[in-house]
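Across the two complexes that follow, chain A remains constant while its partner is chain B and subsequently chain C.
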Partner chain A sequence: MDGRSTTLLDISGLSVEFRGGGRTARVLNDVAITLTTNETLGIVGESGCGKSMTALAILRLVPSPPGRISGGRIVFEGEDLLQASEQRLRDVRGHRIGMIFQEPMTSLNPVLTIGDQLSETLVKHLKLDARAARARAIELLKAVGIPAPERRVDEYPHQLSGGMRQRVMIAMAIGCEPRLLIADEPTTALDVTVQAQIFELLRELRARSGMGLILITHDMGVIAEMTDRVAVMYGGRVVEEASTADILSAPAHPYTRGLIACVPDLDAEEAPGADLLEIAGMVPSVWDLPKGCPFADRCAEAMPRCLAEMPPTTVLSAGHRVACWLQEGAAS
Partner chain B sequence: MALILFAARRLFYAAILVIGVLVLSFLLIRLAPGDPVDTLAGQMGGMTEEIRAGLRSEYGLDQPTLVQLGIYLERFASGNLGYSYFFNLPVLSLILQRLPATLLLVLTALVVAVLSGTTLGVLASRRPNGLLSQFITVVSVIGYSAPVFWTGMLLIILFASVIPILPVSGMTAAAVSGGWLLDSVDVAHHLVLPAVSLAVVYLAQYSRLTRASMLDVLGSDYVRTARAKGLEERKVFFKHAFRNAMLPIITIVGLQFGNLLAGAIVVETVFNWPGLGRLAFDSVLRRDYPTLLGLLFFSSLLVIVANQLVDVCYRLADPRIKAS
Partner chain C sequence: MSAPLVSVRDLKVHFARPNLNPLKPRETVRAVDGVSFDVEKGTTLGIVGESGSGKTTVARGLLRLVPVTSGRIAIGGTDVTALGGEEMRRMRRRMQYVFQDPYSSLNPRVRAGAIVRSPLDVLGIGTPAEREARVAELFAAVGLRPESQGLFPHQFSGGQRQRINIARALAPAPDLLVCDEPVSALDVAIRAQILNLLQQLKRRLGITYVFISHDMAVVKHVADEVAVMYLGQIVERAPRTAFFARPLHPYSVALMSAVPTVRGGRERANRRIRLTGDPPSPIDPPPGCRFAARCPAAEPACRQTMPELRELVPGQWVRCHRVEVVGEVIRRPLG
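Now for the complex of A and B:
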């Protein structure tokens, strides 16, 4: 590791459509994201805003039908994955790009042993034989902090707790030392205490390997603690992107401000039972996106123009982009 | 130790079940009007009341039903299943003589149904809206709706007159023994039509079930995980999806084994196959109570054994079962 950062992933113009009942839903719209090595990018937003779909699109695992990647480029290590053959993609998946899913309870195969599920990636990508793969599987289990890995390797997923299963998922994702790790809400299904352990593990792994990490979450607290840069998504678009420090100190999009305001402050001297803040209204359905800004009908500062026209992306400062009419003319 | 206890408990329940089956069937049979003597009299073209009474007392049919049941169970306990009025043979040797034919028929039909049913189901699930999938769905619905005897008779018509390449009746050709190899080929040749007629219904069910089960499993999180690992589609399909999709099939196969035996009665009658099914049909017509009871005993035994085997298979296939 030379400590220098180079561009690892460069997504631009990424669009994903879903078709059903004769209608077309734009689930992702002109998404642009970049990531360098040694960097943790957070993708944040409410459910249904396109976070997970972005992750699936990177590996071209968008369920198809009904889904379809309708445009854009996903350049990973200089290669456009959207142009790659299925064969080539299978070499990238699990090898150069590892992925951790949200539900450790259902993401492991119930009828195969932990060791079996870990080894198959190693056999496929690193061409290890069965014995070497098993030895490496035990090493990996140890590396992600699973006690008694020699015993656990022969156990089945149902014999492990949720936190342990997520550690197995992580072990599986990092088995081939990927350059990019995508973690899609890795702790949503876990206890708070276990969450902290998993994040600690991810942070440590990223620091040690110099890989890029994309962390998908809906939790601004996690963003603050874990990430270097943040992309805020809403209605299938990236509405704001900036360094984590900028996002937290100078959020430019009303939606970002709303998300930050929603984090309950444990130190605040509010009366017990005081209302938790929330963003009023609901995420628009992807089948029924408005013509203008997707956030307009929930935005306290919306102007007539917001409903009529999609705001362009404004660059506020180096690395700080926002798509909001309020910021028009604020460009640096 | 736990295993021995487990097996002992299973055996105990099975014994109670068998005795229950025997008692219930004994009583049920007595509910039907008429008795063997009436049937005999009918065949001989009439009989005086004295001869009837004489025969009844000779066979013990004049005793109260419960006394008869007691005598039957007592003999049963010592391994005596009684004597067939009609076939003039001890029931046990009669059944043992017919058992292999039925086992051959039922197991062949089962293997054919499971293998082709799951294969078709898996193929259909690869492209759930594809042409093959729709074809399989249509064929399944037809196969599922057609009664066994009707399928059997159509096959007989087809292979007896239109394309006479398969024997439509019996288990062996009239000419006997050209060595065990030729004999086996002969039996296999005779087996084709009855086994296929019996298999069709189940084949249809299993292919539909497999298709649905595969589609369900293919949408699951762990299949997505397998794809995200970069595994070949073939591996995703067979290693990750298929094993999970088979679990409901195993259950259904076990539950339906009894139905399969019942289906054998019809098929054996239609194709003149000398097995337990036809024996059952004949003994009902002849009011051959001891044979009928013996058959019911053996059928319940077969169903119990089949269910135990399915249990073992399920335990092998699903590691989660062992834990509980």
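Now for the complex of A and C:
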């Protein structure tokens, strides 16, 4: 990172609980994440590990009830969002922090034109009048690579392809030039050639505006291509965090190693028919998290201690931390 | 070499669109438009392509789950396009389908054991006692606990549901298994479990697969032979090693370069071949090469005439005007 980067987001001790049937589930547990301007942080993990919940918590959009942020701090540009009023949050959401959701099909309102939906945030946050907002909407559609934006602005979501809808979602998210953009699996529903276009667009935007980007994904190839740093989540915790180069070349947590090895890689020179490395079993239910390390029951290297006690965070080198008993004592 | 298990020649599956304007001619969706391939027994053909390329329609056409417009599909030497109801039903013992979505492809009100048994019931295979034994055997083969036969689909995870799907498809001991994106709906760590299971079954039972996927890396992992589809046609077909070492069609090259890889990282993204726009509509496609509008190497001639699928290297077939063989050297326009 260059010298101009400043801290944009500083999350510490973030915990989120859900209640139901007289029980409490900890869906996020003591999550700590930091992000500077100009930086892209990747969050990886399987479904149900807390990736999307972390994104929702940053925007204070945890569905409540049954959910509740039970502790921690989310400091964005020097302000703790957990202490902010609802009115203040409305000014932050969609303005200072943009969000791209996973499903471009269901995240747009089918009865409003693309232009109406784009203008809404521009009128609200930037206090533009209707005409200026429409002009800006066309500009944004052009910026995200939608052909014939003057025509598309008056069309409805069903008239656009999936890739174009996702581009509209990105146009909405960047409309007010946010300082932080959170993209939750922004390309999962799209074809790879369209995914490549979306990523290129996000890279350009970041370079131009210096915004911070949080990219949630399950694809290690995407991590390698797009991010500077990575947080690996499992069972509602960040189990490893490091620079992207360190995560990919020297992953310390068995779960991280599994995530990298269990997916076929186009570059790999494997024999035909060779078996992939498997991560046995599946993600534990948040209602039924074990006492010790949440990954212990799937971990090939688990020791008795792993089942009994949650491992502490070990700092392996500057910026590389891991929560695993195997790494205890390996600190630099 | 023995006769291939599957032999498809000039398969076309066209759908007529509902006519909204009586003054206009009826539109035709050319979902599959002249596809030919063979699959040798005990091997896997991977069909890769983006959404709308027609790969799923090929799979469904193979099993006659959609009406075939024209062409010939031979399974073990029998032309299935010509078979009548009862003969076709008997033929279905030999070919089964694994669906993409493990959630919607299982009846939520039927217990797992009965789901797996259903093809045996429908096709009238074995006595009731034999069917019970077969179901128990299948549960073991796909790695499901025997006592889970009594459970309903919602009591299983996504990966386990896909195992039920596979067990059901294996029940009549088919020669051919058509898998349509069998791991796309699963979580990353679960995908490896299902891919490994399919590979084990191939080794153990000698099953022949037609494996449909949008994921190049998955196809590279499972396939012996690869076919790339674009807008209803095969644009390249080749043995796995040759294809991944040197894809010839500009679309194959671009599709491969679009996949992010762990080792490639940012470097790979910088070298990427950029395709603009989305694939065009399969309704009344343009006369020339269907990829011409997005192809970085297209010339005016490409928009005029449709290239033929040519065998440029033994086993490697390409549908492109711009790939040339000069002496011993192959010149590809991209890559």
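Everything that follows uses one rule, which is that the second predicted complex is superposed on the first by the 319 of 332 C-alpha atoms of A that agree within 3 Å, B and C clash if a C-alpha of one lies under 4 Å from a C-alpha of the other, contacts with A are read in each partner's own complex, and residues count from 1 in each chain.
Simple rule for what comes next: contacts are C-beta pairs under 8 Å (C-beta built on N, C-alpha and C of every residue); 3 or more make two chains touch, one makes a residue touch a chain.
What you see is a predicted model, and the numbers here were worked out from it, not measured in a lab.
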Requested in this report: Could you check whether chain B and chain C clash or fit when both are placed on chain A?
Outcome: fit
Report task. Figure out whether A:E103 sits in contact with chain B (first) or chain C (second), or with both, or with neither. Result -> first
Requested in this report: Return first, second, both or neither, reflecting whether A:H95 touches chain B, chain C, both chains, or no partner chain.
Outcome: first
Report task. State whether A:M220 touches chain B only (first), chain C only (second), both chains, or neither. Result -> second
Requested in this report: Report for A:F199: first if it touches chain B alone, second if chain C alone, otherwise both or neither.
Outcome: second
Requested in this report: Report the partner of chain A that touches more of its residues: chain B or chain C.
Outcome: C
Report task. Scan A:H158 for contacts with chain B and chain C and give back first, second, both or neither. Result -> first
Query raised in the report: Quick one: smallest Cα-Cα gap between chain B and chain C in the superposed arrangement, Å?
Result: 7
Query raised in the report: What part of chain A is shared between its chain B contacts and its chain C contacts?
Result: none
Query raised in the report: How about chain B: which of its residues touch chain A in the complex?
Result: 219-222, 224-232, 235, 239-240, 243-244, 317-320, 323
Report summary line: Listed in rising order, the residues of chain A that touch chain B in the complex are 59, 61, 63, 89-95, 99, 101, 103, 106-113, 120-121, 124-125, 156, 158-159, 169, 172
Report summary line: Per the touch rule, the chain A residues reaching chain C in their complex are 46-47, 145, 147, 161-164, 191-197, 199-200, 203, 218-226, 244, 248, 258-260, 262-267, 270, 272-273, 275-280, 282-283
Query - Partner chain A, residues of chain C touching it in the complex - result: 50-51, 157, 159, 187-193, 195-196, 199-200, 202-203, 214-218, 220-221, 224, 240-241, 244, 254-256, 258-266, 268-269, 272, 274-279
